[in-house]
Every structure is written in structure tokens, then in C-alpha cells.
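As written, the chain order gives the labels A, B, C, D, E and F, with residue 1 at the start of each chain.
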Amino acid sequence: MLDRLLITGAAGGLGQMAREKLRPLAKTLRLSDIADMEPAKQGEEVVPCDLADAAAVRDLVAGCDGIIHFGGVSVEKPFGPILEANIIGVYNLYEAARAAGQPRIVFASSNHTIGYYTQDTYLTNDVPLRPDGLYGVSKCFGEAMASMYHDKFGQETAIVRIGSCFPEPKNHRMLSTWLSAGDFVSLINSIFAVPRLGCPIIWGVSDNDTKWWDNSAVAYLGWRPTDNSEVYRAKIDAAMAPPGRDAPDAVYQGGLFTAEPIHEE
Amino acid sequence: MLDRLLITGAAGGLGQMAREKLRPLAKTLRLSDIADMEPAKQGEEVVPCDLADAAAVRDLVAGCDGIIHFGGVSVEKPFGPILEANIIGVYNLYEAARAAGQPRIVFASSNHTIGYYTQDTYLTNDVPLRPDGLYGVSKCFGEAMASMYHDKFGQETAIVRIGSCFPEPKNHRMLSTWLSAGDFVSLINSIFAVPRLGCPIIWGVSDNDTKWWDNSAVAYLGWRPTDNSEVYRAKIDAAMAPPGRDAPDAVYQGGLFTAEPIHEE
Amino acid sequence: MLDRLLITGAAGGLGQMAREKLRPLAKTLRLSDIADMEPAKQGEEVVPCDLADAAAVRDLVAGCDGIIHFGGVSVEKPFGPILEANIIGVYNLYEAARAAGQPRIVFASSNHTIGYYTQDTYLTNDVPLRPDGLYGVSKCFGEAMASMYHDKFGQETAIVRIGSCFPEPKNHRMLSTWLSAGDFVSLINSIFAVPRLGCPIIWGVSDNDTKWWDNSAVAYLGWRPTDNSEVYRAKIDAAMAPPGRDAPDAVYQGGLFTAEPIHEE
Amino acid sequence: MLDRLLITGAAGGLGQMAREKLRPLAKTLRLSDIADMEPAKQGEEVVPCDLADAAAVRDLVAGCDGIIHFGGVSVEKPFGPILEANIIGVYNLYEAARAAGQPRIVFASSNHTIGYYTQDTYLTNDVPLRPDGLYGVSKCFGEAMASMYHDKFGQETAIVRIGSCFPEPKNHRMLSTWLSAGDFVSLINSIFAVPRLGCPIIWGVSDNDTKWWDNSAVAYLGWRPTDNSEVYRAKIDAAMAPPGRDAPDAVYQGGLFTAEPIHEE
Amino acid sequence: MLDRLLITGAAGGLGQMAREKLRPLAKTLRLSDIADMEPAKQGEEVVPCDLADAAAVRDLVAGCDGIIHFGGVSVEKPFGPILEANIIGVYNLYEAARAAGQPRIVFASSNHTIGYYTQDTYLTNDVPLRPDGLYGVSKCFGEAMASMYHDKFGQETAIVRIGSCFPEPKNHRMLSTWLSAGDFVSLINSIFAVPRLGCPIIWGVSDNDTKWWDNSAVAYLGWRPTDNSEVYRAKIDAAMAPPGRDAPDAVYQGGLFTAEPIHEE
Amino acid sequence: MLDRLLITGAAGGLGQMAREKLRPLAKTLRLSDIADMEPAKQGEEVVPCDLADAAAVRDLVAGCDGIIHFGGVSVEKPFGPILEANIIGVYNLYEAARAAGQPRIVFASSNHTIGYYTQDTYLTNDVPLRPDGLYGVSKCFGEAMASMYHDKFGQETAIVRIGSCFPEPKNHRMLSTWLSAGDFVSLINSIFAVPRLGCPIIWGVSDNDTKWWDNSAVAYLGWRPTDNSEVYRAKIDAAMAPPGRDAPDAVYQGGLFTAEPIHEE
């Protein structure tokens, strides 16, 4: 059990889910976001923070023995905000962690680092990057930063390329990318339980029938997801037509992100 | 749901099984063979056809939005009949499909395209071909034709290298190659459900304990077979001795086909 | 030195070159084509033959201890002539060779068996086939036939995927695909010199600076091409503009063949 | 069912387990060790033997149609005893088997043949060897011997790299390496049931959540382990702290063996 | 021949060399740097520019049909200047190129994107990134940006991971990493000559005897370096002792960069 | 330059060649064998030694800062002498080296560690072992020992799988396996020159046209062989017929060793 687990991006969807589900993982949860968060409950600390503020991040990280980094931009946006949160913010986080004794980090990367692979390919975790937008490029930057801090300083990071973490899959593409809350929690537990983590790239995806991603390289973590998007297929089929065979969300793993333009600021 | 699904080779074993099991997949099943078929039932059309007759095949395919191509020779035979049905017939089928708006095709290929691999090797779906007879060579031709029509025209085909599709496995080799009727049906469903099929090579085999073939490359289809030949092992052991260690059905994945001569016409 | 070397397709460009250059390889050259050939010179036999005529092919092959099979259609054509020469003809050839004591065969395959790979990929000789037309599909058939006769009967074949064998490269694509006459000859010599040939796939290409194909898997043959298309680059640059970046002969290894339609008969 | 199954090393932990569990596999179990064994029960023969004594080993093996070779040193020791039992002993065994008609052999190899791979790597069964001590080196020797007798004489051996075969896992590393008794028995059954065994390398490990080893290459054996160390995790967590991230049993697959010195005799 | 070739970083070592050697490649060379440059000669334009200034970069790129991007920080530095030049600057460059009709780009990446691989490994161009400092991380960012603009917009970039481009190798490590000026020039020529470039990763290294990097994947470019660092070995041996076997410049491909700290601003 | 280089097996063919050619590599050559050697010349020490005598080996190695280990049995023999020289002897050597400060070792391994691969396969240096006799098995043992001492103690060894090191190739198989004296010398120089050696497996073979072995993984050594067996082909062709296609020296890389029995003592 951890003493103090920092969750950044705690006001977002993933962050709120983590706040609720990861309560047993640490004596204290330190919750941070630039946006408004619900007030601290028992065993929680609420610490607003702008990730682009190096000094603030250093204070935020101090005293934590675990970090789950959901903070930053998580959709396609103009370069400015991505730069602030996902480039400068990540650098600030790693420098803060280095100053704080190198607590283990879970870095929320994304399938958008490899979004231009087609859906009929099955990816190991060492394929070359193919980001599908500025957001994806910023996550590639974060992965490179994690790798460098690991090689240079021994900082451990679990790079989790999260598929689609929602209560249930919302469309046909998510039948392949869905990560259930339960599997997310068991993944985080595995990451903090393994004696030696290293700096693995992990596909954050449930045990769906439709699969694009091969996690066998990280089988040493002992994470075995158990949920399956297939139980939602009929519901999705009833709610919407599947994408056409040449639609971006049928062609590319990154789905509609591949059709996004560069956003003007 | 399809409007009209064509099943060629409908008089054969696989064809009859498909006729019975795939009824829910389409409003109308169009059934075709050169041999006699049972009369059409409700929702069925029975259309005799010689695959070597280009005009007849064109008529047969017109109006169908899905094709399951079991037609042709399915065992080792002299070159003449293989040429007619499996070479000329396949060309006719693809030309007819091109004229008919490129309905999705399930092409029944065979493990005899790779029959000379030994049973102690585990094959991905991109291994070089090693056909075990004229029949196997003709299926290699069909796979090449499917690939070319896909690259040139966008025609989608599921190339299914069927193991042994029978009600139950009949001998020791089939413990590895058995494809149950239930898994066959779920495979066909997956092939027609996926928004973008492409032109994958799929091992048509159930979830048997003894495995020679790795389907992970087509995990995007969402097909997860559930039957297991193992439940028949005791029955087979009781019925017959296993092959000797140097017998063709113990050495080669293609089994006894590898011991077939070139058949005289 | 061979006793009698059969060269099929002897009236064609490759065949004429071989007739001239391979004279030292055998006591007698038996030259065959369906088209007119020059009369036999000293040490030559001229034997017209239709490859689709099984009995004639059997007679043609009898008494030969080496075969170079250039015969058949070598460009995109309607299916009819391809079927006659490249499908039926190849079957006839292998059956004739089997009857004649299995002389070593050089089978002229083609880069059009893999023509849909893009020019920025570097291919080993075991990549999956991607034929670019009916001609390419027929060559895939021939390769499969060679493989089967090797596995079943021990028939040895050198499958040579010839790039572009001309006196000099004629356009920008041929800077990558050019096979010089000298390198062709040294390849044939290596094929007949190696004690055990097996059934290798060989890229028939010179030591050009621009390369798409990796022959390291057949380094056991001891063939080391020495010519380089680069010496013709300036001449080609002067004679024509390079293809545009999206032109088929800039995109695909098969070049313009990929843009060919299915030819009507 | 075998006539007479020899189990060497029958006095050791694995041997005793095998003696009890494998009773149904053969009409007679021949049990051998250099140490004291319990007296023979019904259907058993107890034959003390020093593996370094060639003549004795020849007598021991004669009349057996199956061998499970657990005999020899199974921990890090001085070179002398390892040489006697694991080098000379293995040679004696293979020579004896050759004289006795080549009964199928199960050779107990070890994860210590690859002990210096780190725990965050996932190994196929064809990775280069990285032994972690003299014991591991001796097992590499045994694997090479098995391979040579297979290639030269057709002797079949199942090379089983046993993880940790105990009633239950004893520490955190064993969550990855544990092989249950039940899975051990099903493995032995599969080895003797397959018509053609060849000379495979098999990872002897249960279906644990935490995995380092990939057995897909031997899926043709039909062995599907069903036990999972995960059920013991809480018990182990309660009993001891996990190793630190830089401790040998957290870093290397071979665990503490990697920290063993060369033992003086 | 290009109309106007932009060379950024023209005041630096590489830039000056390019300015001199690439004169024949374009009618006009546009030379840019934030530092002072020599005045423009015939056929040159000298355009000072801060890469972090988006509008200035847009003006700089307008009218160019080729770009060689040497600009930015090229050694380990504090994050601030790296952010300005190598992160913001690269984004500005790609946006400017998009506005200017997508001239072909040569992006000077670095071996420091993979600097933590050890010197006894031989790298293909698709290995996972292992940057060795903030500079290396910024080059990973640039590579990801290039990939994304290629996939999304068709922008072509040659990503050149330059080893050590100096008149001659200066130390033992550079015997492996040296790129001669002559080979640099022939590489640039190849990049602009190939009809279709795509977005390849190219190891920028001469034909040295000591090699860490495999360029066979980009053999389609037709670049065949001809210089060899070996001719300087004696001179280097005479000038300095080789690094000790555990020194960073003997262990890691990135050499002393791996021993650099994070620089304070 | 080394102070004292030990050459074991100095009375053998390789040893005598090394004695002559490697004179410039060290101030003193210490030459050792169990057989008679020529008397010491200037700069030489002649030290007879039985490798199976641990104390003698320890004395032999003391004071040396480089070892070339040719000693031991180098052909197929009964197990007894192989055990003495190649098993016990190798253990003694590594223990002696450990006591002597771990001088760099060149271990003469052999192609007979992989002799059962067929001649039409092209081997990287990480293929699984396939020894072709007791001699080959003993060399596998030596390679495993070298690996273990490297991982456990940091002992560096160049494992050189020597092909056929003679003044010239003697038969057709040696066209593929020949290592010239000149290339041998340049290899040894490279091994001692590289700042960090590690424990590589190196194919000891010249730059022959006919190749079975791929040394690209050890390109970091900077060894570029320059001799080519091809210049001897005509001489060999004139002297003897090539082996038949099914003869062991045409089928297997290990040649006639694969046809050797187990030798009786």
C-alpha cells in the first residue's frame, strides 16, 4: 500500500473514476487538476495545479510515493495548450519526480501515438510510432521522456496506451479499444505490485474479442483483464450503423482523430 | 443482415452445413452446385451452375451482396477437374463479383496450401506457401487471385484456410485441425460484421488444445472460437491407434494428402 | 557441364539472350518456342512446341538434364492465353520433368508476383505474395507448383523472380529492377554449380545502388552480381522525366502493371 | 500406456511427486536414484544407480520404453558433482537409450539455462541461452546432447525447462515460475501421447497470470496448463515482503542463482 | 535541380558544410540561422530567422521547394532553449511547409534518439526510441511530427539520424558514427532524386568498417556511401587512448551524452 | 599491444598459424599445448600444459592479458578425451582467467555447434544450437560457459565459430566455410582493439561468395574480411567431383561430421 498517491487530471473522466476506484491503493490520495475538483473527502488531498508551472508541480509531487499522470490535454487541440500541458507539463513532472525520490509513475499515453496503423494490423508494443495528430505527437514526446528518465536515472514509468476508458463502449470502434473500469483498476494494482517495473509500454485495453494490440510482452506484470466489450455489441448495433468500410473509424486505429485538422489557436 | 447470400458448393458437406446454419445471415440464400441439391425451401434459391462456365457464373453472382465460395474440387484429383473448377472457376467467380459490385467473398482455402509444414511447427498466417498436391496448388492460385483483386479493385475476401470441418474430429490429426460447425458459423458472422474486412488469411480451426495455427494476426475480426476437439480424444483413442511417428499423418500438417500421387486423368 | 539444356521461350528476348550467352553451359542447347526461331546452329536443337500440349512437352523435355523455362506469356494478357501457357503449360512441364528424371529447372518467375509492395519496402524472399495482375497470379501458381514438386518428389527448381533483364535499364524504375545479361549468366552458372539446389526463390537483379530486394537468404548459391544500373542514371535522366510521386511506377514495385486492367479476350 | 517407465532422480522432490502421480502412465515404474528410495510397491521397480557409471546406466535403461530424467544435481554446486551427474551422467543416459531402442525421454532442463534474462522480458523457446551458473551450464550441455541425438539418430526428447515445481509457490518470484503438480502430470501425458514428439523445448510452467515464457511454439503438444499461482499471491504477500527492485530475485529470471558464486569443491 | 533550397542552421558546422557543398543542388540557396552568417554570395539568400517565431518561419519557407533543416539546438542544453528551437521551431517549420505546398524536407535527427542502445547492438531503423537526454527527446518529438505530417497530409521528410558529420572522425567512438562530407552530399542528392520519398528514417553514416546501424530498409533511395573511417584509425590511436570498457563512450551508442545531467537553465 | 598473449593448442594447425601471424600483437607470446611444440623463439614462452589439470592451467594463465584458446580436441572423438580437454579444460580455463584478472579470451568454437542446419539456410548468430556430434556438443558447453562467466563476472570472450581455417579451401564445402589466415589475423586484431567486447558470437569465415553465415550482428567489431574462396573454385573443380546432392557434405553445414558415429573409446 502506498502512502500518498498523486492523481493528476483528477477533474477529468479518467481522473474521477480513478479517484473513486483507487481509494484502497494508498493511505492518502492527492488529487490535482487545473479545473475545479470536488472537495477533499477523508483520506484525500485536493491540490489545484497548473502543470506548466514548474515550481507548483515540484510542490505537488513532493511527498508522493506514486503518481498517476492523467493531467494534460487529452483530445486534439491547437498546439498552444498541448505545448503547455503535454510538453512543458511532462518535463515539469519528471523533474519534480526526480527531486522527490522517483516515485513510480503511471503515464497515461494513448492509442493516438499509433493511430495511423490500420485496424487490420495487430500491434506489439515495440512498433514504430505513427501519431495521428498534435495530441498524439505530444504523447510520443511523453513516452520518449519516460524512456530517457528511466535509462538515465532509473525512474520507473508504466506507459499505458489507453484505448477508450468509459463505463461502456460507445461505438463500433470502441469494441476494439474499450478498457473497463475494473480492468483499469487491476492494471494499476499490477503496476504498483510488481517488484521491478522498468519502463514498459502497456496497451490499456480489456479482454475484448476484437483485438488490435498484443500485451504479451508485458505478461510479467501479471495483469489479466477480464472484461469483454462483446457484451455491448448488440446494444451498439441497435443504436447506430457501423462505419462504412472507408470511413476513418473503420480504417485507422486512431479513428476519427486521423481526420482532424491541425487546430487553429 | 445480407439481402442475398450466395453459397457455392452447396451440395457438399460444408455447403449443406452452411445451408442449414447460415439461414439467419441473409434474407435469401442462393444455393449453387454442379451436383444435385435439395429443392429450395422458404428463403432459398437453388441455382445449378458449372463454375467453369463464365456466363453462368456471372448470372449466378448477380444480385448477391455476399458470397461463400465452397464450390470446386476439395480433394486431390487429376489436374483436369481441378483446372476446370478451382482455376477457371475461381477466375470466373472474381470477374463475376467485379461485375456485380464486389460483394464480400468468403473463399474456402485449405490447410493443403501449407500441408508440407511439419506438425511441430506453429504457423502464422504469413508463412510461405507449401502446398501438398495439385489441390493445394489450386488453392494457392485462388489465394493469389483474391489478393490481386483486393489490391487492384478493392474486392474484399476472407481467405479461410479450413482445417477439418466435420461434426466431430475423426482421427488423431483432426484433434489439431477440427473446425466445429458452431465455430464456423461464428466465423462467418464475424467476417460479415466487421466494417472493413480487407483480404485476411484466417485459419479455420476451433479452439483445440492441440494447435498448429496462430490467428492472432486476424484478432481484429473479433472471432473467438469456443469448441475444443479435446472432448473427443478418448473416443478417437478408443476407435483407432494413433499414427506411427513417421506416418504422413503424424509428420505433416497436410497429413495423408502429402502421400497422394499426381492422379492420372 | 550439362549434356542437353532445354531453353523454352527461346524466341523471346530473354530466350535469345540465353541462347547466345549460355552456349558454354551444355554440350547441346535444345531451343523451343511456339513462335518462330532462328535455325539451329552447331550444338543446338530447335524444337517448336506448344506448352499446352502435354505430349509435346513430354517429348521436349525427354533427354534433357537441365531446363531454363522462359516459355509462356510474360506480360499482362487476357486469362485465356495465360491459362494455356502459364498454368497448363507449367503443369505439363513439371509432369514432363518428373518423367524425365527430374532435371534441375530454372523457373522464370517475376517481380509481378509481389508487384503491389510499395517501392519503399525492402523485401526478403519469404514475404507473402502480392501479384499485380493475371500474369502475376499465374507466376504465383508456377511458384506453388515448383514448391509442391520439390516437397513431394524432390524436384529442384530455382525460382528466379526476374526484375528487368534488358541490355540496359530503360526508365527510372528499372534502376531498381535491372538484371544485366552478365549477371543473368553468372546466376545460371551458380544455379547449376551448387551441389544441392533445393527450391529457392531468388531475386533476379543486379547489384544496383537502388535496391528493393534482399538475396541474403540465397547466399549459399554463391551468386554475386557485379553490374550496377547506376551507370545509366544520367542517360535516363536526360531521356525522360522521372515519374511523379503518385504515379504507379513510382509507388509500386510492379510499376505500370499495377495500373493494367483485366484484359478482355 | 507404457510398459516400463524409468524415473531417474526418484528420491528427490520431483521424483517423489512423479512416482506418486505418474503411476497410471505405465504398467511398471522403474525408480532410480543414487540416494535412498522407499521400497518398491506394486508395479514398481527400485534400482539404485550412479549416473556416472556407464554400465549401470545401460542396465538401468534396458527394457524401458519411456524415461523421465530428473536425476543429477539440481542446484548450484561445485563443478565436480555437476560434472559427474549432469555431464557424464547425461552422456551415459543417451548412450544407454540408444542401445535400448531409443525410448522417448523427458529431460528435466531448467530455467537456469536462461537465468540471466531479466524478468521484464518474455521469452520464446528459441532464445539464445544465458545460463546463470555451473548448474545452468550443465543443463545447456544436456539440451545440446538431446538435440544432437535427435538430429543424428532420431532420438526423441522433450526438453522441459522446469520453473518451480512445488505444491505451491513459495515466494514472489515463483508466482511467475510455478508449475503445479497437476500441470506437470498433464504435460507428461501430452508428451507421451503425441504421435511425433521431435525434440521440443517446453517451458514447464503453469497458467500463471505473471508470465515470462511463451509456449506457443509447442502448442502442437496439446498441453494446456490450468493452474494459476495467483491464488497464492495473498498468502505470499502476507508471509514476506517482496524483493526490492534491484534484488536478484526481482531482476533476473534465474533469481538468486544469479547471485551464487562458483562453489569451491 | 531545385529552384530554391532552404538550409536552416546555416551558421553551424553542418550548415556551413552544406552551404558549400550543396551549391549545385538548387538555383538558389536560402540560408537561415539565428546566429550571424557570412554574407550572401551569388545564388544565395541569407535570411536570419528565429525558429520559434511562427510568422518568420512561414516567410522563410515560402517559395522554397526543398528544405534542409539543421536549425535548432544540437547538443544537450537546458530545456528552455531546446523547447524554443527544437519543439516550437519544428512545429513552426511543418506548419510553414504545409502552407508552402509541402516542399520535401530533410530533417536532421540524431543518433541521440537511440543513444542508450549499447555499442554491441546492430540497429535497424525501426527499433524503439531510447533517447539519451533532453536533446534526444526533442529529436524524438521532431521525428513524430514528421511522421504525423506525412500520414495526415502527405508531407515527405527524410529523417536523417546523423552520426558525427565532421571532416574526419575525432575519437574512437566516431569510427562507428562518422559521416563524411562526401557521403552527406550524396545522401542529400539521393533524397531529392528519388521519385517518391515517403518518410524514411535514414542512418546518416559512412561506410565505416565498424557499424552499428543497418540502412538496408532504405536501400530504395539508392544511397551508397563510400567513405570509411578506418583510414583514420591509426591517427586516432596515436592521438589518444581508447575509452575504458566501462566508459560511457565505450558502452552506449550515444557516448558521452548518456552521462550528461539535466542542464539547469 | 598486449603484454603477454597466451595461445593454447599452439602445436595444432591453427595454433602454429597464430604463433607465426600474431607475433606483433603482444610483447610476449606464451605458447601452450599438451603435444610437442617447437622451442621458444625471441619473445616467446613455451609452456606445456594439460588443460584437464586445473592447477597447471591456473599457472599457465597467470600473468597473461589476452588468451586465444585453441586448445582441446578439434575433431569428433570418443567422449573421454572430449570430456577431459573440452569440458573440464574449459572450466579450468575460465576459473584460471577469473583468478588472473579476466584477460580477454578468444574461444575457438566451431560451426559444428550448428552443423545440422542445411546448407540452404542463412544463419544469424542467435539461432538455436544444432550440434552435429560430441565435439559439437562440447563446443556448445564452452559457449554456455563463456556466456555465464560474462553475465556473472563480466569476463569478456569472443566466441569465434571457426569455419575451415586452412591455407586454402580443400573441397567444395569449404568454398562456404573457408577462413583465410589473413582474415583470421584481422579478426583477432579487431577483437583486441574494440574498447568493449562483451561476449559476441562471431562467424569465423572469409568474404566468400558462397555464404551461410551472417555477421552483421557483430559489425560493431569493425572486422571486414577481404579474402574470397572463389579464387580456388576452379582448382577444386579440377581436383574432385562435387558431392552428390544428398551427400552429407552437400546437405548439412557441418558436412561429414554429421555422418560420424559416436566413437567408441
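General remarks:
Throughout what follows, contacts are C-beta pairs under 8 Å (C-beta built on N, C-alpha and C of every residue); 3 or more make two chains touch, one makes a residue touch a chain.
Remember, predicted model here, so these are calculated numbers, not experimental data.
Among the remaining chains, not one touches chain A and also chain E.
The interface in A-D, C-F or A-E that matches B-C, meaning over half of the contact pairs are the same by residue number, belongs to A-E.
Residue numbering at the chain A/chain D interface overlaps only partly, since under half of the positions present are found in both copies.
Fitting chain C to chain F on CA positions gives a rotation angle of 120°, reported to the nearest 5. The chain pair with the larger count of C-beta pairs in contact, out of B-D and D-F, is D-F. Averaged C-alpha coordinates put the centre of chain C at 42 Å from the centre of chain E. Between chain B and chain F the centroid-to-centroid distance comes to 53 Å (mean Cα coordinates, whole Å).
The touch graph of the protein chains shown belongs to none of the named shapes. Contacting chain pairs in the structure are A-B, A-D, A-E, B-C, B-D, C-E, C-F, D-F, E-F.
The part of chain A that touches chain B in the complex is made up of residues 118-122, 172, 175-176, 208-212, 214, 230, 242-247, 250-251.
The part of chain E that touches chain A in the complex is made up of residues 79, 83, 87-88, 91, 95, 98, 113, 116, 126-134, 136-137, 140-141, 143-145, 147-148, 151-152, 258, 262.
Against chain A, in their complex, chain B makes its touches with residues 156, 193-198, 200, 216-224.
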